[in-house]
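After this come two complexes, each holding chain A, first together with chain B and then together with chain C.
On to the complex of A and B.
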């Protein structure tokens, strides 16, 4: 059962999220913790999940951007950086570029009222947790032909549980680069929920860089609603979480849309990182190009579930999913599972999964050219990572992700 | 060119090597001096590639007995990368494809590793570009191959050109080219051979492992060795290769059956 202490420790529901918080708490109270018997949580380390919920709830913080964030990457020169915080107050519209407007009032309430988890299922449990806990929301509408890149940074507070929630709406034919950075440290626990609405012809290039540290934990959900002729590209980097779980859930509501998913997990020690992606085609002629990669060292554990739903209406869907895993140790573990549910008959859907070690012949070839094992391994890993990193928005370069990943593996 | 007083680069004495518990080399003896070009011929499975891999230090090949001195030092005291830095180069029969690793970055790291060992300054990206563009001419290679992943999607000929490009960059003392001619059409063979000839000097030495006389029309060997059953069965001059081309390897069977020795 979910610890009663956790729910009791939460602040009173208030503000625009009051009704959402009440419903989320009802859900958690009724449902408790996810069950190890249910498929979405079957191989999740539920003891660690309990540990995350034992962190004291975070109440207030300095509104100023922390020194850590600034030291990791300077703000984008031609974009806008917003720091997410559980005590985030409304942002002054005047400080936002003209293409960005905050969503408020009835519009916001309507957007917030969706995505309440089914009370009989723990499929969207992490969303329920976010709704129960998040007291503030950043909601932005973007329109215009050339908005500056948006950077959202969520830095969990040391040894605390911090929720963050974002709603982003892109109007017709708007193109945006969005970089989200989630930072964990110590025994922090972060619940993050981002909901995206892409109108017809909108295009979003979304980078999600989740860098943990210590015993930090992360539960992140990304829900995307795509209209016709929209394009959504998500590149996820997940490293350093004791328990990390990212769940992208994308729906092409009318078909005729493009989705690209790129994922990279890096785990070592006894960490467990998971990606549960789901894409649902609710109209014809949609496309998916998905590549998931995991580098798994020591005794760590990587989980990938890739669900693809192609119902009868989704004729002429073209979906490709590939999971490529690299094991650096005999004690590491990879669970990778494609889940294709295809009803339509005129479709092209393929999937594949590979698990391999660093190729000995590649290493020897490089050594025979004077490159020592350490350097050769670094070059090989760099090549492995770059495949995903190069699809991040260009603004991500400031975060030196490649260097951080190489350092983390090389420790 | 044979110069009996030239510096001894490689001295192999009674070398035995096994792979996965199976004895492949059963007493190889060979001396190579500076300025020499040696060709090693023999049937498939005679041990030619095993000799090359063992000398380069492939971890799957175990030296069970014998000794190899390289430039006066025990070769087996060194790891594969140290051997490379000391000037030992193996041109692979099947160059390995390394997806995701940029060819030019790999070449630069490799070149700098060897330069550092030899007390030379490491080259930065721009200096290296100048060097590699100059060396590309030796193998008439399209610069676009530098930007691709190492050997990935290269044709057989392009892979072999890339091997000789690496040889040109690393400036080795001893090059062992394992079936560099396999998979090459006649034009590519000429380009690759011309590259090897340009790199050959009085201070270095080359070992060509090949099945065919064709390569030896392009690169003239000073010595031809015939391997069989893990040993060098016969050594001769260039005429031995011509003899093999005409009469094949049947005499090898007879010599082996008759217990002949080299």
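On to the complex of A and C.
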């Protein structure tokens, strides 16, 4: 069971999220911890999840950027950087470029009332946790032809539990580059929930860089609602979490939309990282192009679960999913499970999965040309990572992700 | 006729094995308790070890819960409403086939499984099981010349108790799962095959299972042991009459392959699948597992699953011996309201083990057809390989095709490859064939047959043709 003192340690529900918080807490109280018997949580290390919830709740922080964020990457030159904080109440609209507006009042309440986790299932348990804990929300509406790139940074507080919640609405025919960076450290625990609404013809290029460290833990949910002719591209990088779990859940409401998912997760030590993606086609002629990569070393455990739903209405769907895993150690473990549920008959759906170590032929090829094993391995890994990294928004350059990843697996 | 209608008609042909044989049977009363388990055991005059085995399984079963995870949506089964033993009345053990009730022989004749001497299939030995007991096993003497034992498991228990005691439950433990535990407690008959060292079984072995009574559950148990350097090919077939009630079939099959032994196990499953509204039919909940215990041993499963209201089975291979090989070839066809959740598990333990999975699912009507499989590389499975391919064909837009391949690896020096695709009968291909004067039904049949070719190629000759026909028959009226 979920420790009663976790729920008690939370501050009183208040503000715009009050009713959401009450509902979320009811859900947690009723449901407790997810069950190791249910499919979405079967192989998750539930002991670690309990540990995350034992971190003291974080209340307030100085809203300025921390030195860590500054030291990791300079702010974007022509974009907007917003730092998410549990105590963030509102941003001065004046500070935002004209294409961005905060959503408030009834509009916001309407948006917040969707996505209630099904109380009979622990499938969306992580969303329930976020709803119970998040006290503030950053809600932005973006419109216009050329909005500057947006960067959101959620930095954990040392050894604390901190939730963050974001709602982003893209009006029709708007194109945006969004870079989200989640930083963990020490024994921090984070619950992050991003909800995206893409109107007709909108296009979002979304980079999600989640870099942990120490014993940090992360539960992140991304829910995307796509309207007709919209296009959504997500590139996720996940590294360094003691327990990391990202759950993108995409729904193409009217079909005729495009989704691209790229994922890279790197695990070392005794870490456990997971991606549970789900895409549901609720209309015809949607497309999906998904590639998920995992590099698993030491005694770590990597999990990928990719659900694709093609109901009767989703005729002429074209979905491709591929899961490629590099297993580098005798003591590491990979679990990968594509899940395809197809009813429409005029569709093209394929999926594939591979698990292996680095190709010996490739290493041999380079060594025979005078490149030593260490260097050759590095080059191969670089190629392996670049496949995903190059689809990140351009602004991600400043975070030198490749260097960080190579450094983390280097020794 | 529109394509839709023609296809629907094509899939909807009646089940021709749905007749009931009027025959006097020796049935015990409905329900399950310890006394029933003891009664079954005493009817079969079993030695004490087997009664112990049954009672242990029964106690474990009582503590287990009916599994729900596959989401097959069947109502809670009433285990007290099933007759656990039913046998055609025979005054005493028959010495020869001539003494067997002609009605029984006629039944098997009708099913295309002739048991009488002059009509026997050449080079195929058949063990025919009717409800709970084995009626006859053909070619026993000829097989005995080679040292091959092929008989019903009840006979084996009496004649080769040491073999049965040694191997039964060693592959599928009695507490393995809910239905395996139930089977272990109440199993009535099944086949027993023992191939001694160095013998290649001179003919195909085959078992034919027939459920006749509507309230009888069939719990057969098959045990196949292939000693060093031996080989055997075994085939099972199944049918049942049409009843409005659901019938339970919970079988357990255990295969043991020692050094360099090879076992090929083929199934053509055509239990009654219920009518188009989903009334009646057989629940086919089966545990099949093989242990490749020896060096370079091989177990190959091939199956054609066309019947049953619900099929729930995962024929598996545990590849323990170094260089052992596991194979799984499957065609699963579902129509109307049928549900199939089938696939395989390949557990790689030994070094340099290899496995191949080819699964073809065809869903028509409002059926649901799932491939669910596990490929696991344990830490010790160095330099092992797996290749899996799962293809689904959808006929009509109300059927569902699901794929759930579970992949787990703990060995970097092994490799796993999995690929899957979904397709349908395309208008262009249909048009192409029809424009060349091939009739609609035949065209569909050709395409389905082509889709399944890789699997049919693995079936023994006699049955490949039968499987082809069976699919064509099953599809009648479905395609749209």
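Rule of thumb we're sticking to: the second predicted complex is superposed on the first by the 410 of 411 C-alpha atoms of A that agree within 3 Å, B and C clash if a C-alpha of one lies under 4 Å from a C-alpha of the other, contacts with A are read in each partner's own complex, and residues count from 1 in each chain.
Quick note on the criterion: a residue touches a chain if its C-beta (ideal position, glycine included) is under 8 Å from a C-beta of that chain, and two chains touch if they have at least 3 such contacts.
Values in this document were obtained by computation on a predicted structure and should not be read as measured data.
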item	value
Fit or clash between chain C and chain B when superposed on chain A	fit
Contacts of A:39 with chain B and chain C, given as first, second, both or neither	second
Which superposed partner A:325 touches (first chain B, second chain C, both, neither)	second
Touched partner set for A:387, first chain B, second chain C, both or neither	first
First (chain B), second (chain C), both or neither touched by A:77	neither
Partner chain(s) touched by A:346 [first = chain B, second = chain C, both, neither]	second
Greater chain A contact set [chain C / chain B]	C
Touched partner set for A:94, first chain B, second chain C, both or neither	neither
Shortest CA-CA distance between chain B and chain C [superposed frame, angstrom]	13
Residue numbers on chain A that touch chain B, as the complex places them	359-362, 364-373, 375, 379-380, 382-384, 386-387
Complex contact set, residues of chain C against chain A	69, 377, 379, 392, 394-424
Contacting residues of chain A [partner chain C, same complex]	39, 312, 315, 325, 327-357
Chain A partner contacts - residues on chain B that touch it in the complex	56-60, 79-81, 83-85, 89-90, 92, 95-96, 98-102, 105-106, 109-110, 113-114, 117, 149, 166, 170
